[in-house]
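Order of writing sets the labels: A, B, C and D. Residues in every chain begin at 1.
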Amino acid sequence: MAENLMLFAPELTLVLTGLFVLMVGLFLPTGAKKVLGYLASIGILVALSLTVSSLGTEGMAFNDTLSVDALSQFFKIVFLVVALIVSIASIKYTEGNSHTEEFYALSIFATIGMMFVASANDIMVLFVAFELASLATYALAGFEKKNQKSLEAALKYFIIGSLSAAMLLFGISFIYGLTGTTSIPGIAANITALSTSPMGIVAVVLMLAGFGFKIALVPFHMWAPDTYQGAPSVVSALLAAGSKKMGIVAAFKIFIVALIALQAEWQIAFAILAVVTMTYGNVVALKQTSVKRMLAYSSLAQAGYISMAFVVLTPLALGGGILYALSHGFMKAGAFIVTAAVAYMVLSDNKDSEDTDHIDNFKGLGVRMPITALSMTIFVFALAGIPLTAGYMSKFVLFSSTIQSGFAWLAVIAILNSAISLYYYAKIVKYMYFLPTDLEKVSEPLPYVAALLIAVAGVFAIGFWPEPFIHWAMEAAMVLIPGGM
Amino acid sequence: MIPIELYIGLSAIIFSIGLYGLMTQRNGIRILMSVELMLNAANINLVAFSSYNADLTGQVFALYSIALAACEAAIGFAILMAIFKMKGTINLDSINILRW
Amino acid sequence: MLPILSLIVLIPLVFAALTLLTKTKEQARLMALVATVSVLILTLYMYLNFDSTTAAHQFEELYQWVPSLGITYHVGVDGIAMPLILLNAIVLPFLVLFTWNDERKSPNKFYALILGTEAAVIGVFTALDFFLFYVFWELTLIPLFFMVSIWGGPNKHHASIKFFIYTHVASLVMLLGIFGLYFAAWDMTGTPTLDIPTLLAQFQLIESALLKDMIFLALLFGFIVKIPSFPFHSWQPDAYTEAPTAGSVLFVMLKIGGYGLFKIMLPMLPFTGSPNMMITIMAVLGSVSIIYGAFLALSQKDLKRMVAYSSVSHMGYVLLGAAGLVSLSVSGAMFQQFSHGLIMSVMFMSCGIINNKTGTRIMNDLGGLAQKMPKLAVIMVLTFMASLGLPGLSGFIAEVSVLAGSFGNLPAYVIIALVAIVITGAYHLWALQRTMFGVFDKKLGTITDINRYQTLSMGVIAILILYFGLNPSAVLDMMLTNSEQIASMMAVMGV
Amino acid sequence: MAVENYAFLIPLLPALAFVLTFFFGKKLPNGGAIIPIAAIATSFVISLLITLNLLANPEEVVSQSFSWFAMLNIGILVDPLAAVMLTMVTFVSLLIHIYSLGYMSHDKAQSRYFAETALFTASMLGLILSDNILQLFICWELVGVCSFLLIGFWFQKPSAATAAKKAFLTTRIGDVMFLSGIVLLFTDLFKIYNGAIPDGVYILRFDVIFSHIPEIAAMNATIFGMEVSHITIITLLFFGGAVGKSGQFPLHVWLPDAMEGPTTVSALIHAATMVTAGVYLVARTFPMFIAAPSSLLVVAYLGAFTAIFAATMGIVMNDIKRVLAYSTISQLGYMMLGLGIGATIGAEAVGISLFHLINHAFFKALLFLCAGSVIHAVGTQDMRQMGGVAKVMPITAATMIIAALALGGFGIPGTIIGTSGFFSKDAIIESAYVFGASSGMWIPYVLSIVAALLTSLYIFRLIFMTFFGKARTDYGGHESPATMTIPLSILALFALFFGGLATERFNTFVSDTFMNDFVHVNIAELAEIGGYHLGHHGHEPLIILWLPLIVAAAGLLIAALVYGMKVVNMDRLVSRNNPIYKLLYNRYYQNELFTNFFSVKVVYEGLSYAGRAIDTGFDWLVGWLSDLVLETGESLRQFQTGAVQNYATAVITGVSLLIILIKVVMEVL
């Protein structure tokens, strides 16, 4: 039992941190709640260092319902990094808010949920953890109770989320019914009944809808633009950079490990969804005027790219997809933190400003907030896949793997999409640097800057020195398809 | 013993009713109820399969899912309350400032 | 042994960062000058120690980078790259000098971007690993995008985004080609590598002719958009015209498309499934570019736009010469890149000065400037003559080598190019007549001649145009060594 | 210390003078004129000494070569052909430079003038000295550029700038043909060597070229269904270059317009440094021409036609310089004719033609300088406003009449008494007779004899209109200063006596230019390849020897009657209603046809605008594509209605569709 717990030291740290923050917050006056942010960040940092230091350990726990392996470790790091960036940035965002402790507790619990999804070895644990993360983020999306947009975002997220959860559960019930087990390896072992039954396809599609909701695959994506736009920027960061990856890791586990016998079915589905999603996301992003909404559509597109890993299904492709998940975590979290910083700037210009995320606010950002603007430039160029950034490196591995496996058409579509996306990314750069503003320079809040610098460091670390990251990603991929394919 | 197909049929019907409600209802509470229906349809499945497979996992799972459904409802109501406080309505048609 | 190649990429990069931090114009331009001059010195050192009798790579550096994907940091230069590095190293200090007294907003960014471009462009020429090559290739886009967008003309946003996306698409297609080559080789050998010489050598082992053709065409597309060649040139006149003078000059320094053609396309050519089709494609695009660019230049009213189209025409020689497949034509095409870089820089500098002093580039509104700006007139006449292919100047050597070399294999296309020579003469002279000669229009106001920094920078490059026209061997020898290797390979393969 | 070793200085000194004058001329008196004068004088001395050496030992030509790049070289070759040209060019150029001291003394841009004329001379000398065809082409182009700069010397005048451009572009059409010829020649030689050129063989050097003529002649190309030998194509392309440079029909249009520059520049262009280059080119590559079936005939016919064609226009021009310009074109036609006749008389044609070239240089330079002197004094170029200038400018008048006699070709056959033009032109006309007699093609002879009549007519029309009769306007005027009259006198001496003194020695000297230790060409063998039958001067009837003199005298007589004594009232003839006059006066409407219609309408407006339309099309296509994507984005956005039920519907529809799709696809697979 003790060994089991040791394997989950990072999660336990987080649980303790979350509870501690929640309780301490009760006794602190609003003005002093800033300390909670530091506490949460330290807790996450500790969890992160525990995870990193335990890299390479493997083990099963709690009746084999949870497993620690390269895959789960990798994704845990992704979630923790995103949580760290978000929590640091939130120190500024929650400043002066009397509900600070709830914010941090919820984000930490959401992170815990994601981490358990990453290590789940049982479909039941997976579902519960999945819901834990979902429920926490529903509340986070509606954190600004006085903000109509935030509430609308939360409501839409919640409704579609519940629908998806129901579908997921319905799908799971069939899988359980036909295989007689909820253990992921067990399902793979007893798959015959399912794969021969007509219910197989239904179950696959229902699962797909459930995870597709989190990953935001067209047509299960409709909530995402609205929610990302309406929710507080730091929460959008958590959603886009973190909880989206939870959907991906869950899908990896369910489809590639448990339902590998139904590979033909879901491969077709993913092929269609990947192409539609990346194209739709990029094309619709072109004309957006809200930067957050644009980033939301860009997230769609990125999810589409990552989904190509399911189609290609080689170690390299999966490694690429996993690496992409990490890169996207840095890039997208960073980009949303930038919108948070801009929102802060706009609100300090004018307290009653409604459209804090409108692209016009980015005019002259290069002068007004130089570090923020430079970071944003790096993030968008990384998202566009300009070399020496994480985005390029992941695209390099992922796209090249499609060529390797003969999916040239998929690569061509992805490449064309990548080209289209440059237009709206460049548009942001254009607003920041090339359009003039007569507004004053703003001093950039330290927490935002710190969060941005972490993200930038991540983007460049993967861009310049991808070797260790590729190595880990490939090891993680090997967990999914042990023998290679 | 009642054949498993009947359970599945029942749960499918309930699930569909839930879906139908979700698509057609405009009132936030009814939407929540529809979601509950769908979750319960799944629970029926789980329990039925559990008994059919002579395996308790399904029933445990159903319990979990009931608990989760409760949480979900709580959060849903909280969000709807907040909206109602602000706008005086929970009609979904009036909640669409975020679009395109 | 100094890691010179790394240094000439790193120095401008580091100085670009430092320049960004400077506050005043004086500091920024000094930084830029120091960086570019150091690169020039290192390059000259390299040039003097360069062995032009071997086609092998020299000054090589090789470090592992991403072993699991076969990515290395591998740099080196051969006779194809050396002249182009030299070109950049020569022109850039003078470009900095040329802008020495200009007044513009945020000079620190301006000079940082110049240095950034230099680093990226030289990086492309040194890279011997496809990954590194592509990295630098893409990095050339960004400073230029900023350059055009910040200091460009009235239509700068349209031009910069068009340039950015258009060429990015091409780069991505090229990347697909690289992937194809990478995995085809990986499948055969079992070890991944992106090393350019290795992959080029393994290209011929690929069994599927279709795959080889696809790889070739994808790479070719990437290169000819960058050159640019008809019909993929439409980003170029806009970008060249809207860019600030320094930006236009940097665009001209961007000889990476042609470089790829010689470095990567030609060694692959004989092993493609249908080499003759590839040759025809290149020859057709080349010769059509030559005549098409000439006619369009003839029809332009804007001086800078005319120069931009003349560039399309001149770069057609690069494709045509490459398709000629004879050592003389190939080295002529390489020389054309070199010479064109020198000539066009001065031409764009002239356009910039005229635009600055008179406020217009519309040729019909100009006239008689030679009376007010005799120094500029002399330099401009010389470069225009060089551009129209006057013997004794560098442009001629390139053109005559391409024409004479290619005629044996591609007579029809060479005849098209020959016809274009007359048109080329026509638009150059007509432009001179309408800007420099004739009656001076009083409306243009008081106009002073170019300042001494401008005289120095343009004068030195003009003298170099003359020097390389009289002594082409200074760079042509190394080009010949490499093109002979290419030509002999063609001969062996019977292409 | 043999003077041969300094042959390379001949072009280099003027080139150096160009650099020095260009940069420092402004600070020196007279625009630094002394520098080019000294440089060209030195070049002249060197040339003269080399020529004298060669006269003694015609086999010992000067030849030096250095590798340039690839398989090409730069080098010099002074054989008899080059030697006489060098001497003439340096000599005439020197005199013109001295003359310019006075003529340009009032121009502010003097230093630029002297710099450019020095470069002009240097380029021409370089052209003559070239031992390979590429270097010749390079200098050939430099000559073109210098002419561009000098014709447009007064660039602030739009007409001058236009004329300069026209000159450059028109000759460039020829240049491109020349270049094409070189390209083809190179390709053939490359093929002959099978791509492997031994070290030390410079592929475009004349000795290499000449030694491979038979192999090139054996190569055939099919053009429009006809089998044509490569040597014919190459020589015709070369001749195309010569046509442009030497103002032969139809590329002569630039030459009359080239009068926009200073008159001294015209003198340089017409006498020494430019138009003769075309003739020189054909002479230099004569071994190729004679091996090329029908090339020489083209040369002969076109030369004869140009001779008469230009002469007809010369009769009606009123601008004194234009008359001389058409005269040049006409005389160049004679020279080409002389070369073309090589089809019958072999290498001797080179001697005859070059002899006329040299003589023509003397008297045409003289004519132009005299005309310049007149214009300088009178202040107009329109002969209708002159008259009686002889009284004011006796020296100018006298020298110009000498030049006119030389151009008209007056002299006594069978003796050495006669003007220089007499000896050379009569030799050409007589050879044309021989050509006619041996081949049965009489047209060149007839044209040349009629042109001789017209030549005499137009030049004496000029003399009478300018120097005799009463002053038609009040121009005032005076004799020019000594710096101008002394060169005139010297040239007059040469115009008068050079022909008679040099005629015998010159022809054999130059005709043997292909037989020495540099090249050894067997003209007779090559003529076999070309299908020509070389004959020899027979005994022409006496009338043939006298006929040129008779027609020249007749021309003089007509001019005297019409313009001197006014026996015939010209007003009736010279009216716009007379279609022939109109045609001639409008110069056969070539300007309208070539410049206005072809260049401006067809090439500029037609083709370039068509190109522009196509380019707009490409641009539009790119724009349309990007707009399409943007608009698609705009439409797709509408799916995101904001109503959450629609979202739920989308999810459910998506699920159903996916199930169906997968089923269908699985069935199909």
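Please note the rule applied: a residue touches a chain if its C-beta (ideal position, glycine included) is under 8 Å from a C-beta of that chain, and two chains touch if they have at least 3 such contacts.
These numbers come from a predicted model, not from an experiment.
By count of C-beta pairs in contact, A-D exceeds the other of the chain pairs B-D and A-D.
Centre-to-centre separation of subunit B and subunit D, using mean CA positions: 97 Å. Here the spacing of subunit A and subunit D, counted between their Cα centres, is 77 Å. Inter-chain centre distance (subunit A to subunit B, centres taken as mean C-alpha positions): 26 Å.
Distance between chain centres (mean CA atoms), subunit A to subunit C: 42 Å. Counting partner chains per residue, subunit A shows two or more touched chains at residues 155-156, 159, 163, 167, 225-226, 423.
In subunit D, the residues that reach two or more other chains under the touch definition are 626, 637, 640, 642, 644, 648.
For subunit C, the set of residues that touch two or more other chains comprises 165. Chain pairs that touch, as defined above: A-B, A-C, A-D, B-D, C-D. Taken in their complex, subunit C has these residues touching subunit D: 162, 165-166, 231, 233-235, 292, 295-296, 298-299, 326-328, 331, 368, 370-371, 381, 385, 390-392, 396-397, 400-401, 403-404, 407-408, 411, 414-415, 418-419, 421-423, 425-426, 429-430, 432-433, 436-440, 472-473, 476-477, 480, 491. On subunit D, the positions that touch subunit A within their shared complex are 626, 629-630, 632-634, 636-637, 639-640, 642, 644, 646-648, 650-651, 653-655, 658-659, 661-663, 665-666, 669. Residues 637-638, 640-645, 648-649, 652 of subunit D touch subunit B in their complex.
Contact residues of subunit A toward subunit B in the complex are 124, 127-128, 131, 135, 138-139, 142, 145-146, 148-149, 151-156, 158-159, 162-163, 165-167, 169-170, 172-174, 176-177, 180-182, 225-226, 229-230. Only residues 68-71, 134, 137-142, 145, 148-149, 152, 155-158, 160-162, 164-165, 168-169, 172-173, 175-176, 179-180, 182-184, 186-187, 190-191, 195, 599, 603-604, 607-612, 614-615, 618-619, 622, 626 of subunit D touch subunit C when the two sit together in their complex.
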